[in-house]
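Listed after this line are the structures, all set down as C-alpha cells.
The same subunit A turns up in both complexes below, where it pairs with subunit B and then with subunit C.
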Partner chain A sequence: MNRTTVRVVVGVLVAIAVLYAPYYFEPVWNRELSRAAYFAIAAMGLNLLTGFNGQISIGHGAFFGVGAFTSAILVDTHGWSFEATIPAAAVLAAVVGVLVGIPALRVKGLHLALVTLGLAVLFPRVGQKYIDGAGGVALVRPKRREFDSLLSFLADDQWQYLETVLIAALLFLLAWNLVRSRVGRAMIAVRDQEVAASTVGINVARVKVGTFALSAAYAGIAGALSVMIDRAADATNPLLAFRNSIEFLVAVVIGGTATITGPAVGALILVLLRRHTDGLIEGKEVLSPAIFGAALITMIYVLPEGIVGGLGKLFGRLFPARAAVPATAGAAGPDPSTTTTTPTEEEP
Partner chain B sequence: MDLFIRYILIGIGNGAVYAALALALVLIYRTTGLLNLAQGEMALFSAYLSWWFTTHGVPIGLAIAFSILLSMIGGAVIERVLIRPVTAPGKSHLNVLIVMLGMFLAINAISQLLFSTDAEPMPKPWPSVSSPGDPVGRSARLLDIGNTSISWAVGALALTLIGLCLFLYLLLQKTKLGLALRAVASNPASARMVGINTSAMLMVGWALAAGIGALAGSMVAADRGSVSPGLMTVVLVYAFAAAALGGFDSPVGAVVGGMIVAIAESLTIGYVDALSTIELVVPFALILLVLLVRPTGLFGRRVVERV
Partner chain C sequence: MSSPDPAAPTTAPPTGGALLEVAGVGVRFGGVVALDGLTFEIQRGSICALIGPNGAGKTTLFNVISRLYPATSGSVTFDGRDLLKVPPHGIARAGIARTFQNVALFPGLSVLDNVRVGAHTEGRVGFVRGLVGLGWPENRRMAAESMSILERLDLAHLASRPAAGLPFGTLKRIELARALASRPKLLMLDEPANGLTHAEVDELAATIHRLRDEFDLTVLLVEHHMAMVMAISDHIVVLDFGRRIAEGPPEVVRNDPKVIEAYLGTADDGDGGP
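Right, the complex of A and B next:
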C-alpha cells in the first residue's frame, strides 16, 4: 500500500463517519459536534495566520465575536435570512482584521501576541457599551425559528450540523489549496525568513495583512455559525473573547500547527475535553481551568508538534514517500528529511 | 483645579502598581526574551498568599514579606520546571506561549482552589481609618496641600515604587550578582564563557520578577481593599501597556510608562465621558501608537537582526 492509497482510504472513512454522525447521535451530541465544526473553522483561520504565516494571535475571539454579532443583529433586527449573513460576517471580520493587521506589521512574536491580547480584552467592553440587546445587556438572541431546517427530511439539529460541516469542509478545502499555491508559499516564506522572502520579490506587508484579513474572515464565519448553534451572540462575560482566543490557539497547537487536518482534530478534542472537565467534580467548577491548563502544558512536553504532526511523522515512517532501495534499506532506513510532512523546522 | 490634582494623584497611585508589575515583566524580558503572560496571575497567587497569612494572625507587613520570599522560590521553580524545557534559541515562541497560557489558567484556578473564590478583605500595610461595617477601613490622610489631601495609599504606593527602583538599581549596578544578570541579558554565550552560571541567572531573574509581582499584587489588593480572582487581569494589561510604552528592555521605561498609562487612565475616567466603562481603550491605543511610531518604545534599544 502506498501513501496515496492510505490517505484516500482514511479520507473516505472519515467523510462517511462525518456524514453518518447526525443520524447516529442524539440532538445534544449533534449540537456538540456542530460546535466542534465551527470551532475548527476558527482554528483553521488562526492556523493560516499563526501556523503558516508565523503571526501569533490571541485575539481571534474578538473576530469571532464580530462575526457572531454581525450575524445575530442582521437576523434579529434587520430580518435577513441567516445564510445571507455569513458573507457579511466574514467581510466585516476581515475589515477589522485589516485594521489590526496593519499595525501588526511592526511587531512580531510575543509582542504581537500582546497586542492581540489587548484586542480580546477590549472587545467585550466595547460590545457592552455599544450593543443594546434584550434587557440592555450585550446579548443578542435571534428567534429560534430563524434557524429551522430548510429541507423537510432533516431535523433542525441535523440541518444545522450538516450546514456547519459543509461550510467547514469548503473552508478547509480552500485553505488546503491556498497553502499549496503561490500565495501559500509566499506566506510560508514570510514565516520562515522575512528578509529573505522580501529579497525574492515577495511583498511582505501585503502577504501579512492579507493573511490577517483572511484569518479574521474565517473566525468571523465561525462566529456567525456559532449564532446558529448556540442561538446567541454574547459579550456579557468580559473574559469570553479571551477564553475563546485561547481555545482557538490551543486547538491549533493540540491538533498540529501548520497542518491542514490539525485544527479539526484539535477542535474536536477541545470541545469534548471541555464538556467533560466542566462537570467533572460537583461544586468544584474552578478545577476545570486548572485541569485544562495542566493538560495544555503536558501536551506541549509530550507532543510538541501536535497530534497530526506526531501522527504525520509516524505515517512517514510506516509509508515512506519513495520505496527504500533494497541495498540500502537495512543500513539507513527511510530518510527523515523526505518523510516529514510538516515544514516546522527552522534554520536558527 | 483641585479635581485635576486629585485625578493626577489617583494616577500616581495606580501608576506605582502598574510600574512595579511592568518592572517584573521587564526583568523577565531582559533575561529570557519572554513576555510573561502569567505574571499577573502569579501576582494574584502571591496576593492571596499575603491575605492567607494575615488570616493566621501575621501582621500585614510581615505577611507581604513572607509572600515575597515564597513567591521568589516559586518563580525560580517555574522557570526551571516549566519554562526552561520549552525555550531554546531558534525554537518557535508558540510552545512557550502555550505553556504560559496554561500557567495563566492553572494558577488562577489554583489560587481559587487553595484560597478563596470570593473577594477577601485585604488589610492595608499603611495607616487607615476604620469605620463600622468596613473591615479594612479607608486609607488615612498623609498630608494636606492647599485644599487637596494626599492619602496614605498614594504615598505608600509611590514610596514602595521608589524603594523598589532604588533596590533594583543597587542590585543591578552595584553588586556582582547584578553584573552577572546584566551580562546574561546582554550576551548569554559570552557570559557563559567568562564563567557566569547562566542557568542560575535565569532562575534568579524569574525569582526577582515573581518577588516584585508579589509586592505589586499585595499592594494593589491592599489599595483596592480586597483580593479577588479577577484582580490582576486588567492590571496586567495596563502593565503590558506600560512596558510597551517604555520599551520592553528598559526598567526606567517601565516606571515612566506606568506613570503615563495610569495618569492617562485616570484623566480619561475623569474628563472623557465618551469613553466611560471602556477606559481600557486608552492603554490599548497607547500600545498601538507606540508600536506604530517607535516599536522599540521610548527607552528601548533597537535590536539588529542578522539574516
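Right, the complex of A and C next:
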C-alpha cells in the first residue's frame, strides 16, 4: 500500500460516510452536522489567510455576519431565492475584506489581530444601527419555507445538510487547487519570508489583499449558509461575532493550520464538543465552558500541530514517500522545524 | 518558457556595454551615511566583486538595487532602465535576482517549490485560475524547469524535502537555484562563500563561472573570501565607509596601496590567490 492508495481509500470512505449521514441521523443531528459544515467553510477561509498567508484575523465573525445579513435580507425583503444569495454574500464579504485588507497591509502579527478583533466588536454595533429586522432589532428571520427541500425524496433537514456539505466540499476543492498553484506558493512565500518574496517578484500587497478578500468571501458564504441552518441572521448579541471569530480560529488550530482537511476536522470537533459539553453535567451548565476549554487545551497539548498536522506526520512515517530519501536524511523524521510552520505565533 | 530565450539580442547588444550603472548613489539612515556618492558600472557578461571591510556599504548597495532601501541621491540604471522607478516586486521581472547573506528561503515550502517560487515572474496564473484548478499546466512546466535547475546544482535528490533543517551550504545552493529560476540577466550574490567549507568554496567558484556561461549571466557579488574573489572576478570595486576607494581588475586592485591599507592589510589570510 503506498500513500496515494491510502489517501484514496480514506477519501472514499469519508465521502461515503458524509453522504450517508443524513439518512442515518435524526434531523437534530443533521442540523448539528450542517453547522459543522458551514463552520468548516469559515475556518477554511481563515486558514487561507492565517495558515497559508500568515495574516492573523480575529475578525472573521464580522465577515460571517456580513454574509449572513446579505443572504437573510435578500431572501426576506427582496424575495431572492436562497441559493442566489450565496454568491452575493460572497461578493459583499469580499468587498469588506478588501476594505479591511488594504489598511491591514500596514500592520502585522499581534497588531493585526487587534485590528481585526476591533472589527468583530464593531460589527454588531453597526448592525444594530442600520438593520431593522422584525420588531426593530437587528435580527432577520426569513420564513422557514424559503429553505424547503427542492427535491421530493429529501426531507428539509437532509436537503439543507447536503447543500451545505456539497458547497463546503466544492470550496475545499477550490482551496486545495489554489494552495498548489503559483498563487498558493506565493501566499506561503509571503508568510515565510516577506522580503525574499518581494525580491522574487511577488507583489506582496496584492497577494495579501487578494487573500484577505478570498478569505472573507469564504466566511461570507459560511454566514449565508448559517441563515439556512439556524434560520436567522443575528446581530442582537454583541458578543456573537466575537465568539464566532475565536471559534473559527480554534477550529483552524485544532484541525491543523495550513492543511487542507484541518479546518473541516477542527470544525466538526468544535461543534460536537460544544454540543456535548453543553449538557454534560445536569444542572451545572455553568461548568460547560470550562470543560470545553479543558478539552481544547488537552487537544493542543497532545497534538500541537493540530489533528491533521499531527496525523499527517504519523502518516508520513508509516507510508514514506516513494522518492527514496538518502539513508542519512531519511532518519531525520521528527524534526520540528521541517513541517508546515505555524506562522501565527512568530510574526514580529 | 523554454522557447523564447530571454537573454536573446532584442533588447540591447549582448556583448560590451554596461548592464548596470550606479551613479552617485547615496544612502543615509538618519545621520549615518551608508553610501556616499558611489559610482561604478558592471559590464555585460562579467563577474564583478564588491569588496570592503564590514560596514562599508556593500549589502546596502544590494538593498538599493533590490529597492528594499531608498537611495537618498544618485541613480541606478539597469539595461537602460531607471531602476529607482521600479517597485521592489518589479526588480525580478526587470531581470535581477539575488541571494541573501544569511539565506532567506521559505521554510514552509519544499526545495522544489522554493525554486518554483523563484520562477514566479515566469508564470501568470492568478487567484481565479488557481482556484478553479487551471494552474496545472503551468505548475508542471515550472516543476520541470525548476527540476532541471536543481539537477544542475546537484540538488535534485532534495526536491521534495522541506527547505529547512538542511546544512547551511546546501541551503545556500538552494537559494542560488531559486535566484536562477527567474532567468535573470544580473545575479547578485551576497557573501556566497560565507559559512562554506574550503572544498565547498572551491566548488562554488567553479559553479559561479559555469552558471555565468550556461545562463548567460552578469554577476555582482559581495564577498570576503579574497582567494575566491581574486580567482573569479573580472572587475573589483572596493568600498570603504560607503565610498569607492579603488576599482579595476584583480591584479590592479590587489596592488593598490589604498586597498591594502583599508582592507587587504588586515584581512589577507595568507592564501590570497596566485
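Operating definition for what follows: the second predicted complex is superposed on the first by the 318 of 348 C-alpha atoms of A that agree within 3 Å, B and C clash if a C-alpha of one lies under 4 Å from a C-alpha of the other, contacts with A are read in each partner's own complex, and residues count from 1 in each chain.
In this section, a contact is a pair of C-beta atoms (placed from the backbone, for glycine too) under 8 Å apart; a residue touches a chain by one contact, two chains touch by 3 or more.
Worth saying up front: this structure is predicted, and the values here are computed from it rather than measured.
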For this session: Classify the contacts of A:Val253 with the two partner chains as first (subunit B alone), second (subunit C alone), both, or neither.
Result: first
For this session: Report for A:Asn2: first if it touches subunit B alone, second if subunit C alone, otherwise both or neither.
Result: neither
For this session: Tell me which partner A:Pro289 touches in the superposition: subunit B (first), subunit C (second), both or neither.
Result: first
For this session: For A:Gln193, decide between first (touching subunit B), second (touching subunit C), both and neither.
Result: both
Exercise. For A:Asn237, is the partner it touches subunit B (first), subunit C (second), both, or none of the two (neither)?
Worked result: neither
Exercise. Once the shared chain is lined up, is A:Ser81 touching subunit B (first), subunit C (second), both, or neither of them?
Worked result: neither
For this session: For A:Ile58, select first, second, both or neither according to whether it touches subunit B, subunit C, the two together, or no partner.
Result: first
Exercise. With the two structures laid over each other on chain A, which partner does A:Tyr301 touch: subunit B (first), subunit C (second), both, or neither?
Worked result: first
For this session: State which residues of subunit A lie in both footprints, the one left by subunit B and the one left by subunit C.
Result: 193, 195-196
Exercise. Where on subunit A does subunit B make contact in their complex?
Worked result: 50, 56, 58, 103, 106-107, 109-111, 113-115, 117-119, 121-122, 125-126, 128-129, 193, 195-196, 239, 246, 249-250, 253, 257, 284, 286-290, 292-297, 299-301, 304, 344, 346-348
Seminar exercise, completed: In the complex, the residues of subunit A that touch subunit C are 173-175, 177-178, 180-186, 188-189, 191-193, 195-204, 210, 214, 258, 321, 323, 325-326, 329, 332, 335, 337-341, 343
Seminar exercise, completed: Given the complex, residues on subunit B that touch subunit A span 34-35, 37, 82, 85-86, 89-90, 92-95, 97-99, 101-110, 112-113, 117, 230, 233-234, 237, 240-241, 244, 248, 277-278, 280-281, 283-284, 287-288, 291-292, 295, 305, 307
Exercise. Across the complex, what residues on subunit C touch subunit A?
Worked result: 66, 68, 87-93, 97-98, 100, 104-109, 113, 116-118, 120-121, 123-127, 129-133, 135, 138-139, 142, 157-162, 164-165, 178, 182
